[in-house]
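Two complexes come next, and they have one chain in common, chain A, joined by chain B in the first and chain C in the second.
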Partner chain A sequence: MLRRFAISFSLVLVCVCAGARTRPHYGGSLRVEVAGDPWVGPEGLARRLVLDGLTALDANGFVSPALAVEWQSDSGDHRWQFRLRQGVHFHDGSPMNAVAVVMALNTACSGNCPWTAVRAVGSAVIFTSDSPMPNLPGLLAGGMYLIALTRTADGQTPANPIGTGPFQFTSSNNGQLTLTANESCWQGRPFVDEILITGNRPTREQWLDLNVGRTDIAQVPPQELRQAQQQHLAVVVSPPVELLALQVSDAGALTNAVLRAALAQAVDRGALFNVIFQKQGEITASLLPQSLTGYAFLFPADRDLNRAIELRGGLTAPRFVMMADFDGTMQLAAQRIALNLREAGFSVQVVSSPSSVRPDLALLTLPIEGADPAAALETLLRSAGENVPVAGRNPTALYRAEHDFLDLKTLVPLLDLPRAWAIGSRVRDVRLRADGTPDLAGASLEGTQ
Partner chain B sequence: MSLRQKLLLLFSLTVAAAVAAVAWTVLVRIRHVFEMRDQEETALFVSQFQREFQHRSQEVAAAVNRLAASERARAMAFELAQSDDAAAYLTEAQSMAQDAQLDFLEIVGPDGKIVSSAQWPARFGYPEPAAQNASATPFLKREDLPDGSTALGLFAVHAVGGTTVRLIGGERLDQGFLADLPVAPGMQIGLYSDAGAAASSGPAAIVSNPSTTTTFDASRLLGANGSLPGATFYQSLIDAARTSGQQVNGIVNPTGRREDSLNATAIPLKNEQGNVMAVLVVAIARSGMVQAQQHIRAIAYGVAAGGILLAILCSLWIAARVSRPIEQLALAAEQVAGGNWDVRVPPRGRDEVSVLARSFNHMTEQLQSQRDRLVQSERVAAWRELARRLAHELKNPLFPLQLTVENLVRARELPEAEFDEVFRESTATLATEIANLKTIIGRFSDFSKMPKPELERIDAKDVVERVRALYETAASRDAKIKLTVDVAGAPMPLDADPELLHRALSNLVLNAMDAMPDGGVLTISAHPKGDRVELRVADTGQGMTHEECERLFTPYYTTKQHGTGLGLAIVQSVVADHAGSIAVESPAGGGATFIITLPRAAA
Partner chain C sequence: MMPTKRMCLLAILGAMLVRPLLSAPPSAWEKPASELADQIAAILGPGQAHLTIRNLSTIPTDEIPTIRRLLTQDLKAHGVVMAGAESANTIRVTLSESARERMLVAEVGEGTQSQVAVVDLGPIATQTATTQERMELHKEIDLSAVALANGTTLSSDDPVMALVEAGARLFVLRKDSVMVFARNADHGRTVEASLALDLKRPMPRDARGVLIAAADGNGFTAFMPGTECSGTFSPPAETAALPHNGWTVNCHASDDPWPIAVDTSGAPQLKAFYNSARDYFTGVVSPSVGVDLPPFYAAAMLPRSAGNAALLVGGIDGRVQMVENGSLRVVTGTRDWGSDFAVLHSGCGAGVQVIASSSGEAASDSLRAYELPALEAVPASAPLAIDGTVTALWAAPDGKSVLAVVRNAANQYEVDRVTALCN
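Showing the complex of A and B:
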């Protein structure tokens, strides 16, 4: 009897403890460190926490409702109507309505919008366009079209970003952003009370802070994944969500498409992949990864230096300027590409700061978002500044669209890269979004009550 | 140029030449001494440079050796030897270079390709020939950099732990290196290395081809404090050193002022293959030498000027002592030549010039006395000749006179009719011979009473025409002589006595007619000859011998049977009174020409 009681008691105790362990706790400050500015760019970590879009990508990359609960198109996708979620308020208490959404969208994309016009009609937002917008819901999930309050109740422009997200902007001091939990978030209150995001922190120092417990989440660049694993950091890695590409101008000497083709043939992706990015990601010559489209292998990725030299022929090209981020890895990759191009007879100077003149070449990363190839393709192209609507949705049409675009040789895909984050021991339930950023709204901290 | 001026010039040139010779010798010597000193300083500096270079080489080699021997490098080399994966060590070289304080470091894998490069991280995977070919000794190498520039470095290669993984490490040879070198005052040093943009074709060419000589770039000549001042002026030296591979010396003048010029030496620095990697320039200021030369030159100019001044003073003194007496002598000689034999030169002192003066005076005295004696003897001779001639002339008519008187005395004894006839013949003979006597005496009287010429402006042409008019008809009619006249068309003015000149010319014409008893051609001509007028009377007679020509103008000399011999003497006297001359030519074939030359009157 006594033994039976003891066993039963032990089992109950174990169950209670286990249940207690899997249940997240509210409270605590989640500390995050990133290498860049957390607010800059559509993929900025802080933006995603403070702002919502009309739609969002779920964990599997599919479009799901966010501020809009449903949507429909007509007129051959020339017109879309999005019905807004009710009862959603901005962080300052003002209601999120169609007017505010329209104002936010007009501010967010000035000039290069997928739509021709957007207007508020009751609690709906109507998008119209001269050309079909079959991928509009997917596009609206992108970081470019997040909804931020543009006018406060008293008609002023907010000094700080105000959104409807799970966290609201509180302060920014000495490079550290403080976001506090939105108690009345339409998605539900996040578990942590606040998130402290420190930007412009070098990766090694982030890891150091992680090791000593000064931060909870640190960035792991793809080329340092191996090292992070060697250092036994808990790393979460996304599938390829970034395309490393070489953008080639079509102005000046590069108006000549043959020269652009020579440049494309001269790049050695293998060296970039094997050495610089430490075999993380995938070599690619297509815009979307193989896992998304299934036809990426049809684009040859091997370097053909002889062909490149042949295409250049006797042309004497001027010295090209290649711009790359100040980031060390990007600079290294750019230098390597410059060396490759030099072998083909091109002279290239790598710069890190933008100038008033558009550079001849630019090494950049483009987002690969979502599970919808068409939407992902259009989002990627828009990110590159290419206004190329993607009408077809079937693989053949998409392949044709990609092929036709890549034939212009104004964008040379190089690598598909993942994003990775090192997670501290007290952080739980950190999942990565479709864009590779951590979904901190659902994260919690151990040891908090 | 007078003697005085010549002496002055001679003295001045002597002084100037002497001073110039001395100054030139001193200048050359000074330049030589300074150049020797510069060469010694340069050689000393070069040896110091080589020592420092050696020291740096050892430091680099030691640093690379330490790295290669480190546990970290060994582990890396082992890993690289075991696996093909060099990606993990992409940034290893940067880290190791930082630790070892090297400016350059490359890790080269077993396949000879770069695993990691500190100075150019993107060059992984490219071959590094230096790793294979370099010996154990440090070497110079030009290293290409990502920004397109090149840097000169001192490199060493070492294998890691006996593996085939090599480390190539190096330090820059830049102005920092130069700053550590001991530099003497007035010395400038610079290091020139070829700029060489990274090659545009092929990975092998990315390492600058050492044998390619690029165009000179002044910005690549660095001193201890940055760019060397006046770098462009070193171009020729540096290019020569790069081309020839030998040390080259020369003078560089950055500012154009001689004081700022420099004695420069360009020393090529070569790698193991003998290619020139860089040129070390050592320049030593020549200001000291230039200043010394200028000082000496100034002294030389001063001494020369003083010497010339002294020469002027000396020449003035010498003129007083030497040239003036000589000038006096020359003047006196000129006067003597002009006919003034009374001039004397006062002798001063006892030197050669005074001896010459005394001799001159004695000579002129002798000449004067001899002339007097000659005149006297000529007078005596002339009187004797006159007496002889007179006796000869008078004797001829006197003898028939005597015979005639004797005939008359004897004819007194003859009958009256015969006496009358003898008386008539004798008186006729007496009258003829007395007339002859009167003629002879008249000629002598005329010759003794030759008037002084009364000069007036006449033309030679008129004189000739007058003679022609007088004798032409008679000559052709009586003597069958053709008289021709050849007169120049231009005026031939003469300051002469027309009567005396007519008389002289008439005598010559008569003599010429007498010389052609069987006829001939008599030519009278008058032509200007420069500042003189030449009158010629030529005949085609039998001519005269040379001896006859010489004696022709002697009074009373005649070749004619009858004549006093005074005609040509009168001609000669007239010509002499007109400051002219007379000559005779008689070629061997016959004929004779009398030539009267008279001064042409001024216009």
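Showing the complex of A and C:
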């Protein structure tokens, strides 16, 4: 019931904010504040505005053409050919061609790539691999494979990011990133003239700025959705786009699979959901959500402390180190999990910064992207550092792939989380991308033109 | 303000949602039940098992007895006989679904071991039955259904910009193509050709265009930002069929004005220059109307008394103004209007109304009829709720209906024909 309510609530909020009917106006400066660095990470807000991929996910999560207009595979998905869009230029005026794309991909992906080799042939980019790449078009829509110019016309490495996207990088001063509209964007010029993104801003200060009109868009972490509602903020909420998961090392004492299974059984997802995340998102024990696969219910999510103790079998394991982001909520969640594990007889220390030693446990958020479960699963696993091609496309094969991976107990799914944004009154037509970030190129401002 | 009593609510032919099929005929379960029984039997082998069924989907629960009966029959044929709860073998069937697909999932337990069998019931969207019925009953133009049948995606990235009917054909202008639909024997529509357009410049994000068709339906002209395309039809010889079923299309760069008002023969009454980098007309029209017009989103010729006509323009500043007798005046009562409107020759009341989309103040979009006896827009109907956002409004060539392009909640486009019923 709670889940149904949460989904309904999300839909209503999206509809309210996306319901303007007059045509969008051009012009104005859109101000955005975020808690992290807008350029860091595959899902960095600014990266998606400046850079395009060979493919993209449309609003419904399906793979659609972007810098590539068509693609085909042969040799049992061992070889893919992507034909590039003609007439597209980088922001510095240099042409977007196959050579530039190959250089960009080689820079973006130096290891653990889905492909073995990538090369330019005329106006096409050819990917080859020793193993099949059935989900390559979907993977290329991911944030880690966006195309940035690596060499300018005079052979220099660009000082700032140069892409083909709707906005071009202009400056970065005092933590504020300025992006200006790309007048000749192949997707059409965006409506606003510029976007000012202030990074590393605490959520409460973002909301304060929104209330006094100093910003137009602010972040709403899932656990603070209720407070946002109480403060009457206009919020857009995505479906689940992130998986909170506990990564378990398979080295040292944790080479023992039974011990890893004991850890998985000891985690109390209900406490995380109810206490830390304030009943937002969905409890899960599967990698992909029920809405994407239809079989997530097959993975039991209930805690079984007795079973955990039984599996540990009186073994005195060494103290495990659990790493979590410095972010307050992630630290709280990690402490809660550590408490669960202590109840099962484990000793756990939570740290916030990566050390030279690989941690025994790590609390992660992993992307859940797109409407194709196979591509979404492979993207998620690659984000967790697992090179696991997902070949099956039917539900039975996907279930088996997911089941077999989870049986290793190296990744323990905990919660599916949405992304949410508070929108100021002068912003209209904000729609969320498949990754839950706002499509700011399609947004416009009232009172401009 | 109350609507006049001379008209009743606008009737929308086809604004109904495609409703999910809530109950499938018993025969629809025969194949999936058989497939699931095959998989279960392959896991269990002959013997006894306890069967339970639960429903986590939107499939009506009253379908469960049918599914149970078919499954029991099919399992029995494989030698798997139903037993009580004390049986060591269990078959737990779940009717489940993702956002797009439904499925039957069986968890087959043998002692402490459990295996899973899944039968995909197919996309939820194709389990609908009302789309075809909608078109037959109401002669509705349903672009979504037709395009889906031809494997075309209909995401918001490929908007419907304009459409026009001529002869037995319907022309639909997409972002970089024109789709030609022919009427088939059962009054439905089939795709006759999908013609790629060679655009001479990138389309703006709020893509707009104008489509004019020859009266006999054997040609069209598409006006888009910076590009004009002409399509002609030459019947293919029996022995040598031409590509695209005889259609050819040519495009060239053009900043010529677009026809924004045509007479009943299709000849342009008024043309307007479009700002190719934005989403509005510059305000320069041909022939001149004697006054300087502001930049505008929409314009329409409104018949007035004594055979005269006025020009109604919806400015980008949100004001609606009327050019009549050489002067430009503000029309009041239009605060609720959106950016699009079209003229409807309903024969009701004053005979002519303006159909306007709503401004977006309300939670859902709507259309409403207005009369303009003077310089005030007077509602002539109650608002007609639209399930989605109206992205374009066009008067049909005969003026007796208005075609509304609607982007629905699923980010797909559909076309609704709006007519008026007189009280």
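Quick note on the criterion: the second predicted complex is superposed on the first by the 428 of 449 C-alpha atoms of A that agree within 3 Å, B and C clash if a C-alpha of one lies under 4 Å from a C-alpha of the other, contacts with A are read in each partner's own complex, and residues count from 1 in each chain.
In this section, contacts are C-beta pairs under 8 Å (C-beta built on N, C-alpha and C of every residue); 3 or more make two chains touch, one makes a residue touch a chain.
In this text the structure is predicted, and so the values were computed from the model without any measurement.
Answer with first, second, both or neither: which of chain B and chain C does A:Leu208 touch in the superposed model?
neither
Which partner reaches more residues of chain A, chain B or chain C?
C
After superposition on the shared chain, which partner residues are touched by A:Ala253: those of chain B (first), chain C (second), both, or neither?
So A:Ala253 meets neither chain B nor chain C here.
In the overlaid three-chain picture, which partner chain does A:Gly442 touch, first (chain B) or second (chain C), both, or neither?
It touches chain C, and chain B stays clear.
Should A:Ala59 be classified as contacting the first partner (chain B), the second (chain C), both, or neither?
In the superposed model, A:Ala59 contacts chain C only, not chain B.
Applying the touch criterion given at the start, work out whether A:His25 contacts chain B, chain C, both or neither, answering first, second, both or neither.
Second partner only, chain C.
Tell me the contact category for A:Phe191 with respect to chain B and chain C: first, second, both or neither.
second
Could you say whether A:Gly345 touches chain B, chain C, both of them, or neither, answering first, second, both or neither?
first
Scan A:Gly294 for contacts with chain B and chain C and give back first, second, both or neither.
Second partner only, chain C.
Please output the residues of chain C touching chain A within their complex, sorted ascending.
Residue positions touching the partner: 56, 94, 96-103, 105, 107, 116-118, 120, 153, 155-157, 202-207, 277-280, 297, 316-318, 338-340, 357-360, 362-365, 389-390, 409-411.
In their shared complex, at which residues does chain A touch chain C?
15-16, 19-26, 58-60, 62, 64, 183-191, 290-295, 297-298, 371, 373, 394-396, 399-400, 403, 428, 441-442, 449
For the complex, give me every residue of chain A touching chain B.
226, 271, 274-276, 278-279, 332-333, 335-336, 338-339, 342-343, 345-347, 349-350
Mind listing the chain B positions that touch chain A in their complex?
86-88, 90, 120-126, 146-148, 198-203, 206
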